[in-house]
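Each of the two complexes below includes chain A, the first together with chain B, the second together with chain C.
The block that comes next holds the complex of A and B.
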């Protein structure tokens, strides 16, 4: 008997998080971890509710999302354009792929002085860090998508009289789109992580990362876990939005 | 059949591993009857979590010079980036000893945790400073007014900055405080993104070196004295008093060694913390290495920090300043 016959899939989707909270509560109740480092889920959720309802967290959330959005948007525009060129022109791919791969492997915080040099110490350097982390992923995935296009389809389009730009616009881009989307989705998730890490690493006046660091540094563990839940929830929602958009935009890709 | 053999192999490894893990903390020698050789001294395994910097000089010397061993201890030092992480390891029960600074105790008490106790101070530090750029028009403390000052909020960086400014007739609100990590303060100052920064060693030294003639360093040794302390868990001390006493005796030997062999101690510490010997030598005088515990003085310092936390740190306004008297135990260093 398959699992969907026992428990509907829609129900299974909502089991994970309550299960996690239940395990957390058991760990807390049995005093398996020191409460100074792990508060009860109730305390964390209570604090989360408080900071959301009072709007106390909004300046931090807003600035984090804004810096992330700027960095990611620039990376998306430039990354897709550069990735398409890399995919189409073999020599360009050969020249750029090792360089892009090199930067993809670098933790952005290691290059912090470069970002300060280029963009100062405030908002711009953090957006630049997001941009630098997202760009290689988007570029490479886009180029992989283009390079993976079926030559038979392109050839068939040409046989029907399509010009090179027409083949590119009507075959290549559409076939590469699912892979481009994977790059964008991966880079988007990473962008949130990088923005928060950048704030924690460098420091800033407002930001979820800064607030996480302060809560950690001052033993306000209910706030720390409230922010962890908020960040996780945010990441989940963003991913869900991407998945839903993918289903609409690239409806053919999963068929 | 093949699967069974693999499972047997895994089971054998697991047994060997579990046997290894289940060894008690104290490695007692083999039964005396096994050989006629004299029984070696019992070795107690223990762990210290500490930040990898000059503040950890005494335990580093005690380990390197074999003083822990002489006292029957096998101390494994686990290095972390900041004393706060050492305190966390202690609270979590994953280390026996931790090197913690006074603000760590001040903040911890607000959480209601009363499990931790400081049993000794190993160094008093005067290494906080404000480093500024002359090119930003700063040559005296008063010139800091209206300037961009990098501080790390909620740490000694902010405490020192506030006290230094007050000492010089300025208020914290008179400067444009920018919340930055020390590493970012260093970079931002060199890149001229900020005018000054409140930091500690080795950042002060690094900035002086990088800025050269453009650097101006403001110190105020009395404004803030940092205490690096040995902390343990109260319940653990109850069961391991002999270990704590032996640990303190080893630190006492290290203290004597540092006093008599300063050059050798500097070289040893420089190698261990991977800092240039010239840097260690140049900043050495900013630290008073010595084992002790001035309970009254430390209690005053931490209580003042508690009041400062309540006054300045977000989220603490409505909290009561804790009673810190239970966080210090001087019987081992008396």
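The block that comes next holds the complex of A and C.
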């Protein structure tokens, strides 16, 4: 008998998280970890509920999302435009691909001092860091999408009398869309990571990262884990939103 | 009336390692009446190259390729690829795929939808117009591809191994529908295929391409009457044509696609 016959798949989707919390509770109850360093899941979830209900965390959440949105949006607009050009124009791809690949391989956090020098210590440097992390991923994925367009489809459109801009509008952009979306989705996940890390550096009053670091410094571990759960939940919801949008708008992806 | 003429065409390709491979040498072919001509020959004999030249997807190095029509306006060439998956547009519905060429012509949305839906109703009533192409079977997808190629009322229709990726039942379905479509609007059709029975069943004439000479080695006239069906596979005319094609392929050294085995079993 197959496992899906024993437990329906829809139920299995909701088993992972409670299981994790159960393991956490067992570790806490058996004192396998120092309770000062690892609070009970109840304490962490209780603190999470408290900071959400009182609105205590909202200014931090708001500023984190705002800085991330600014950096990511700029990277999305510029990255898709530059990636399309790279994909269409072969010599440009040859020139830019190694450079973009170099920056994608470079840990963006290593460049934080440079961003501070360029944009100051406050909001702009964080958004700039998100931008720098997201841009190469979006550019490369967009150019891969354009370069992967089926030559037969382009040939078919030309045979029907399509001009080069028409081939681009009616075939290339559509066929590249799933790969562009993969780039946006990957860059978006990374943007959250980079924004949180950037906020742990100096120079900011609000932000989830800053608050996490403060909780760590003051040994308020229930708040630390509450914020980790909040950040994880935020990333999960964003990823889910991307996946659902993809299923609806890019239904032909992987068909 | 439309016609296709290839006269003294030379075409070669660069192989890996920079050696030159001449595919067509002083190649001649003429279609000047509504008929289905099957192009049969071993791999590398230049069958697809002939279609590419007619569709102007590639240029001859020497010689001339002309497609003419008595109708006013530009010559329209319909083309059906072997790889229907890679030629259809999966983001569009069946109707919009069929109407794609009409859209590029600047035809109004209502008009192009009507043309596409009428074609579907007439030749493929089991396909739902709003379906996405990837939801269809292989045979249905190829059918959509054929309907797209005829929606613009082409002067010439070119089919490059349209059934080679399909199973036997879908293959005979396509052959049957093609004849039905052709009977509704006869035009010059060039049909490239590897399967000998399929070539004989579909074509009025069968042009045998030689890889050694890069030319048409012989043209076999097929006298089987239309409409044709799979039942005619055992008719004396079908068997005669089939033997001629197989004799040629064996002489060319083409033992691919089970043709040698087919010869052994031939009555």
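Keep this in mind: the second predicted complex is superposed on the first by the 252 of 255 C-alpha atoms of A that agree within 3 Å, B and C clash if a C-alpha of one lies under 4 Å from a C-alpha of the other, contacts with A are read in each partner's own complex, and residues count from 1 in each chain.
One rule holds in what follows: a residue touches a chain if its C-beta (ideal position, glycine included) is under 8 Å from a C-beta of that chain, and two chains touch if they have at least 3 such contacts.
What you see is a predicted model; the values in this text were computed from it and never measured.
Of the two partner chains placed by the overlay, only chain B lies in contact with A:204; chain C stays clear of it. Of the two partner chains placed by the overlay, only chain C lies in contact with A:251; chain B stays clear of it. When both complexes are overlaid on chain A, the residue A:164 reaches neither chain B nor chain C. In the overlay built on the shared chain, the residue A:25 is in contact with neither chain B nor chain C. When the shared chain is aligned, no partner comes close enough to touch A:90: not chain B, not chain C. Once chain A of one complex is fitted onto chain A of the other, the partner contacts of A:221 are limited to chain B, with no touch recorded for chain C. Residues common to the contacts of chain A with chain B and with chain C across the two structures: none. On the chain A side of its complex with chain B, the touching residues are 33-34, 36-37, 112-113, 116-117, 120-122, 201-205, 210, 214-221, 223. Of all residues in chain A, only 150, 152-153, 155-162, 166, 170-171, 174-175, 177, 250-252, 255 touch chain C in the complex they form.
On the chain C side of its complex with chain A, the touching residues are 55, 57, 74, 77, 79, 81, 83, 86-87, 89-91, 100-101, 103-105, 132, 134, 152. Chain B contributes residues 84, 88, 91-93, 107-108, 110-113, 115, 152-155, 178-181, 183-184, 187-188, 191, 193-194, 309, 313-316 to its touches with chain A in the complex.
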